[in-house]
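Let me give you the structure first, and then I'll get to my questions.
For reference, chains read A, B, C, D and E in written order, and residue numbers begin at 1 within each chain.
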Amino acid sequence: MQINRPAAFLVVLLFLAVVVLGTFGTSWNTVSELPENPADPSNVEGLGMLIFTQYVIPFEIMSIVLLASLIGAIYMAKGEGSK
Amino acid sequence: MIPLNFYLGLAALLFSIGLYGVMTHKSGIRLIMCIELMLNSANLNLVAFSSYTDTLNGQVFALFSIALAAAEAAIGFAIFMAIYRMHDRINLDELNLLRW
Amino acid sequence: MVDLMLLAPEIAIAVTGLFVLVTGIFMSPQAKNMLGYLATFGVLAALGLTVASFGTEAVMFSGTVSIDALSQFFKLVFLVVALLVSVAAIKYNEDSEHIEEFYALVLFATFGMMFVASANDLIVLFCAFELASLATYALAGYEKQNPRSLEAAMKYFVIGSVSAALMLFGLSFVYGATGTTSIPLIAANSGLLVDNPIGLVAVVLLIAGFGFKMALVPFHMWAPDTYQGSPSVVSALLAAGSKKMGFVAAFRVFIVALAALQPDWQLAFTILAVVTMTFGNVVAVSQTSVKRMLAYSSLAQAGYIAMAFVVMTPMALAGGILYALAHAFMKAGAFIAAGAVVWMVTSEKRGNLEVPDHLDNFKGLGTRMPIAAFAMMVFVFALAGIPPTAGFMAKFVLFSSTIQAGMIWLAVIAILNSALSLFYYARLVKYMYFLPPEGEKVGTPFPYALALLLAVAGVLVIGIWPEPFVQWAMEAASVLV
Amino acid sequence: MALEELAFLIPVLPALAFVITFFFGKKLPSGGAIIPIAAIAASFVISLMITLGLLANPEEVVSQSVSWFAVLNLGVLIDPLAAVMLCMVSFVSLLIHIYAVGYMSHDPAKPRYFAETALFTAAMLSLVLSDNILQLFVSWELVGLCSYLLIGFWFAKPSAASAAKKAFLTTRIGDVMFLTGIIVLTADLMKLAGGFTDGVYLLRFDEIFSYIPELSAMQANFLGFEVSHLTIITLLFFGGAVGKSGQFPLHVWLPDAMEGPTTVSALIHAATMVTAGVYLVARTFPMFIAAPDSLMVVAYFGGFTALFAATMGIVMNDLKRVLAFSTISQLGYMMLGLGLGATIGLEAVGVSLFHLINHAFFKALLFLCAGSVIHAVGTHDMRELGGVAKVMPITAATMTAAALSLAGFGIPGTSIGTSGFFSKDPIIEAAYLLGEHNGNWIPYIFSILAALLTAVYIFRLIFMTFAGKPRSNYGGHESPSSMTIPLSILAVFALVFGGLTRTGFMEFLEETFTNSFVNVDIGSLAGLGEYEIVHAAGHEPLLILWLPVIIALAGLGISFVLYYLKAVDLGAVASMKNPVYKLLYKRYYQHEIFTEFFSIGVVYGVVAFLTQVVDVIIDSIVEAIGIVTVAAADALRRVQTGVVQTYASVVIAGVGLLIILVKLIMEVL
Amino acid sequence: MLPVASLLILVPLIFAAVTFFTKTKEQAAGMGLLGSLVTLGITLYAYMNFDSSTAAMQFFESMEWIPSLGISYTVGIDGISMPLILLNAIVIPLLVVYSWSEDREAPNRFYGLILAMQAAVIGVFVSLDFFMFYIFWELTLIPLFFMVNIWGGEKRAHASYKFFIYTHVASLVMLLGIFGIFYASWQQTGVPTFDIRELISQYQFFESGMLKDAIFLALLFGFLAKIPSFPFHSWLPEAYSEAPTAGSVLFVLLKIGGYGLFRIILPMLPNAGSPDLFIVLMGLLGSVSILYGALLALRQKDLKRMIAYSSVSHMGYVTLGAAGLVALSVSGAMFQQFSHGLIMAILFMSAGAIHSSAGTRIINDLGGLAQKMPKLTVIMMLAFMASLGLPGLTGFIAEFLVLTFTFANLPGFVVIALLAIVITAGYHLWAMQRAMFGVYNEKLGDVKDINSLQVFSMAVIALLVLYFGLNPSPVLDMMITNSEAIVSLAAGAGV
């Protein structure tokens, strides 16, 4: 089956419409002001703290993820099995 | 202050572009790029929310997802390489041995 | 301080994975066959540790991980699948040079699934989910020389990535609306989601993300191709294991975190469940590739399990959870049996080599591979819900709870579907037992036979003595409501 | 041991004989005929002894009952009615068995023949002895089975197999009516008795008769008529009798039944089984007389059948078929006699049964003579015979005796006359009484016309067969003595039995319903049935008394002129161009109406509709589900194109559509 | 006292398993015979020790199985099940003997399936727990499916799938009914139980409404489709006629549909929403089945198909008698099940013998077989006569009881059934005349009569048909005892 661009476009339009209607129709609960100084170092520090305390488990999982993708990628990319 | 919806709208648009690419491109490389685009648009969402709700979880999430996107791209490229070795090209719409 | 003993099964799996990987590098090709036993041993240890820790409950790591009856139960499911796959793969990987990679990926995928089961935070959930996906992408393409395997991996990867993106997109909205990623806190802050259209968008995006794993129509498109093209043991892992990961994630996210949005997702699941089971069963009727047929049947089974979200009584959830366990045995077993046939066909170089799992290759299997054929018969009858098998017990609990909740129409649809499924299951049994064999008796190789008999034992034990399993499933369900 | 206690042996002995002959007949001499002959002889002796005892004391009937199943029983009842039937059946059966030793001597399947006739005798005796309606029905069906088996005795002959089937099916129609009657009766009895009592046998005649007043009081609306339940039940019983006794319109099987061996025709289709219907009506006579209109229906059907069958009898060319129509006609007389109970009350039973017994003698004799002829000359087409008397004098003589008896020659007011005369005359006279009292002359006209035709056809048979010169080249010789002795015995009975027993017989039978077993007051029952009973036999005008004899003489004369002297050329009359002759010869087109139109046209039409339309529709619904499923499977699998971009599109479209769908449904709900 | 009920399931099951592993035909048939004889022995032991004067459960065993769902292993035998067990136990060994001399592929599976079928059918009869009942109910499908699918006639694939899926759908609908009654009672009492008798007695306390009727109708449908009753019969002609002889006989021994009526439907009936309507429904379906089956049998060209339709007709008496709801009509219906099993067994054996020796079952292609097959003809004639309801044979007892005692309550339907009697006689005699009588059809070649083993097995059943026709009390009495208990329930509820 060939790729049907107009149809794909319509599908995407549908998706976009739905998502945009969803987001714009929502009254988000936002803070009144954004942090003024983008260079505020507390952010990075906070991230670090979070990653190594609360999110240590995902961090550990990420280590396995990287290892797994490493193995997988190397295995798949190795050339011995070609043709 | 830029309204939150501007970010969200942008993210949605980027995401949709990514989707359109996935649906229409034959090339595996472009496909992975589109997927990256989608993941990143989601990251954009996360970061925007993180700022607008003044919580850091979103940014942590985004960090992890960037790493995941990288891993995913690695695997993806590896698979396409294997396909390329076999077929000498990566035209995804020609891979339809498995169907029906 | 956290009690790491509670994570002992996960640690055991991860350590085994690493150990297999590292030792594999230093081993001679002949000695590598040992690794399968090693991995099996590790899985068994993890299984033992999981069963030993049944009944304990804890929330750890600042509330990101929750050990409870639900997670324990699903860990059991994943470990059972991992065990069956590990055992069967001993034969599948015989004399391969990449045994350590295979087992490492299987174990890492299992590791990811186990964390999904106990995730109490969206970040943990997403990372673990992706781990399980990434590891299996490569596994699906494990037969690099086989264009079908590669194609399976490619399709799996593309749809998986799109789904991951959709899921992440959805998760971002959930996070944005509630300002947190912790599942219990989301439940507490879900007011905004309920009042705004974004709630529904997020729910459907998440359903798409999880539905990809669960293989719910229309997010199933990859599943038949991938299950067919992948090595059978990997199909077993995908269909029996990672499919359940989708369910446990959905249990956690929808029933616990997004409980307030129940009307939305209940309706969505109603549509999906009905469409999925009908589509799966109907299309399975016309399949000639056994693995593809099993894939469609797997869709149908997902549809049944999804009924738990529709009915939403403790009984129904228990039924769905029990079904997950039963399905792990049945479907893993069925794919492994198909794998044994593929092995036979490819090693003999006889029969339909293009599609080694073609129905024609199953002719007279009862005489050619008695154990595999018998096991396959048990599995397909279990899948069809014929007593006294696990499939029947699970359907019994699940369908009966549907009646209990007064959703007679849904029960009728499910039951008619179940009847329809008999058609193609019985056909397979007919091919195996009642058509003349085309070839000599081969016998089932030991690892396959062991894995199959383990699965048969599981199917029959749950079918004949379901009491403890029903109890566990009920405890697991009690976490959700 | 008292003889009465052996009563149960009467049917049991022939039944045992059946078993022995069936399984061991081949190893016994003469096909095992000796076994049934001995058994039936024993039964005859027991019957005769009991009957003699009963003659002395008609009040003390023999009655034995054992529980069968549920609330039903098996039992033996020998009252005067049963006694005379018993003696007749066992006696005729005995003679015919003896005769058959000679007649069947060349048939290889003798053991089967004798086994089946033994079984028939057992069933027939059991029918007669039965003390309850269910056992009677059971035996009734068994004699039907034996009739079926024996008509189809030469089953390799397609016409025999077909005739057997026809006989069974036609009588089955009557049987179903009979069964329906039993069912209605049982339902009513249960209602009246208010359930079951231990030790009370629901369907025993004493039990049934005791509820007659209540039954007659029960009214039902049937097609707009208010009729009593008793009328419905009795008419249904009569329906059974119509089938079994070959009454119009269920007589069609009887002529065809002649496909069986002649001995079978004599035994079953002349003397015994076909009279079971008459016996049934006689047995349940208290019910009939208490049921308004039932007896009149019986009388009309009987009278009409008597005439109707006789008309066909005069054109038949087949020896046995003439006799078959004659049997039907005579059975009509018997039914008519019973129906005349509407006027003469209980006497009707005596009159009718007397004719039944006499008929058994002379008709069995006629058949056996015919059999003797057929056995000797090898054909039964009368057109090919002629002058047989010269070859077979004994047969000719005995058959003439039987013909005289059938035609009914005698001198009224004296004891001089043939048996047939003494039994047929009272029926005709009673029919006259009916006309006199009710102004309803039709039965009388039927009966008198039938008497004329009877004489015509039977002497036509005699003249065509025995007189004149042979019309074809047949061999022939007189039959062996095992055949001629029974003929002679029967001839004696056909000539003198009636004259000897006529008064005693009637009186004996009038005791039937007043004895130690049942005691019903027929007079008051007749009141329930709204019948007016008169006892006037004997003082009719002289012309009426003589008329039957004159008519019979006239018939003899006509036959003599037409068939002996051949004074008139019958070629023009007896041709297919003559519509009347054709109608008669074609037997009123019964075959066309019943078989071709009704069973093939209507029944098969309905069946064809059911098989080809209804069942196909029902089945298609099932099949369609399967076909649709497979078609759907083939269509839906095409969704899986194999191109990954399509898959992605479906996923994304799914997301969009699902959101919209859920939203819409939520809005609607 | 032996645990008879359990043994009756276990013994054939174990022998079935052993039989599957036999190598030669002799071993397989021998093991089949041995297993069925042992079962027969146990059954006779049970029958000897059976007290037919009580309607209570005998040989009762019960133990917990899945307590969290209230499922228990409960078995017992009473007057409803005893005759049917007896029927199975008697016919199966004879069936093995009958098919002893036949050559076929995979005899070990063949005889194994026969024994497995016996275990499953007896399992249905002795189960007193709905869960077990359903399990055995479903298990009966599998042996039959394979019986037809492997050893069946030309259209066996279609027939077997149709039968399998059709009746499976019906049993699943029945399962829905079981769920319904289970949960409604759970709600009522707070205690889950699958005990059949407990659930039935709880049924009367259910809130009347849609659910209550739906439960009843779902169960009723499940049973009627199995009986099968018009208009759910369309699986039957093909399955019966395509099955091998042994399969057809196993089909006729499958009396679980009618059993369900007596065990479950009738005790529930008085408490169902509108009992009168349901009685009329059952009566209508029963009587229409009788007439319809008979009419369709009249037109069949294939002997086996004709017998199959006659089965629809005869099983109509079961439904009709059950609807009669009088002790004797219900007993008659039960007796019809027993009688029909015996008679049809002979008929299918006869048809099988004709098919295997003459090479065809098309009635018009036969003819004059009586000359070549006298032994078969005699036995077949007896069976035909029994089948058309000739007195002195079992068929009459059953039909008489049903018709007579149903008449008081449902006169109209009895009249419909009575119409069928002549037609029933018609197609039997027609077939007899065309196939067995008349001139021998020389095209059939040299046809051999049945061998002595076949004569033996058919004659034994024929003698039983005769014996129970003359003396039905040994089985009828226990039926009456239990029918009275059932009917008194109905009377108590004022129906």
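Quick note on the criterion: a residue touches a chain if its C-beta (ideal position, glycine included) is under 8 Å from a C-beta of that chain, and two chains touch if they have at least 3 such contacts.
Everything quoted here is computed from the prediction, not taken from an experiment.
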Under the touch definition above, the chains in contact with both chain A and chain D are B, C
If you average all the Cα positions, which chain's own average lands nearest?
-> E
Taking each chain's mean CA coordinate, chain B and chain D are separated, in whole Å, by 96
Inter-chain centre distance, chain A versus chain E - centres from mean C-alpha coordinates, in Å = 65
Could you give the separation in Å between the centres of chain C and chain D, each centre being the mean of its C-alpha atoms?
-> 77
Multi-partner residues of chain A (each touching 2 or more other chains) | 1, 3, 8, 11-12, 15, 18-19, 22-23, 28-29, 55, 58, 62, 65, 68-69, 72-73, 75-76, 81-83
Sites on chain E at which at least two other chains make contact | 161, 165
Contacts with two or more other chains occur in chain B at residues 15, 19, 22-24, 26, 52-53, 57, 60, 64, 68, 71-72, 75, 78-79, 82, 86, 92-93, 95-99
Each pair of chains that touch: what are they?
-> A-B, A-C, A-D, B-C, B-D, C-D, C-E, D-E
Counting only contacts in the complex, chain B reaches chain D at residues 19, 22-26, 92-93, 95-100
Would you pull the chain A residues touching chain D in the complex into a rising list?
-> 1, 3, 7-8, 11-12, 14-15, 17-18, 22
Per the touch rule, the chain C residues reaching chain B in their complex are 122-123, 126-127, 130, 134, 137-138, 141, 144-145, 147-148, 150-155, 157-158, 161-162, 164-166, 168-169, 171-173, 175-176, 179-181, 224-226, 228-229
Would you tell me which residues of chain B are touching chain C in their complex?
-> 11, 15, 18-19, 22, 28, 31-32, 35, 38-39, 41-43, 45-46, 48-49, 52-53, 55, 57-58, 60-61, 64-65, 68, 71-72, 75-76, 78-80, 82-83, 86-87, 92, 95-99
Contact footprint of chain A on chain C as seen in their complex | 14, 17, 21, 61-65, 98, 101, 104-105, 108-109, 111-112, 115, 121, 123-124, 127-128, 130-131, 134-135, 137-139, 141-142, 144-145, 153, 173, 176-177, 179, 192, 196-198, 200-202
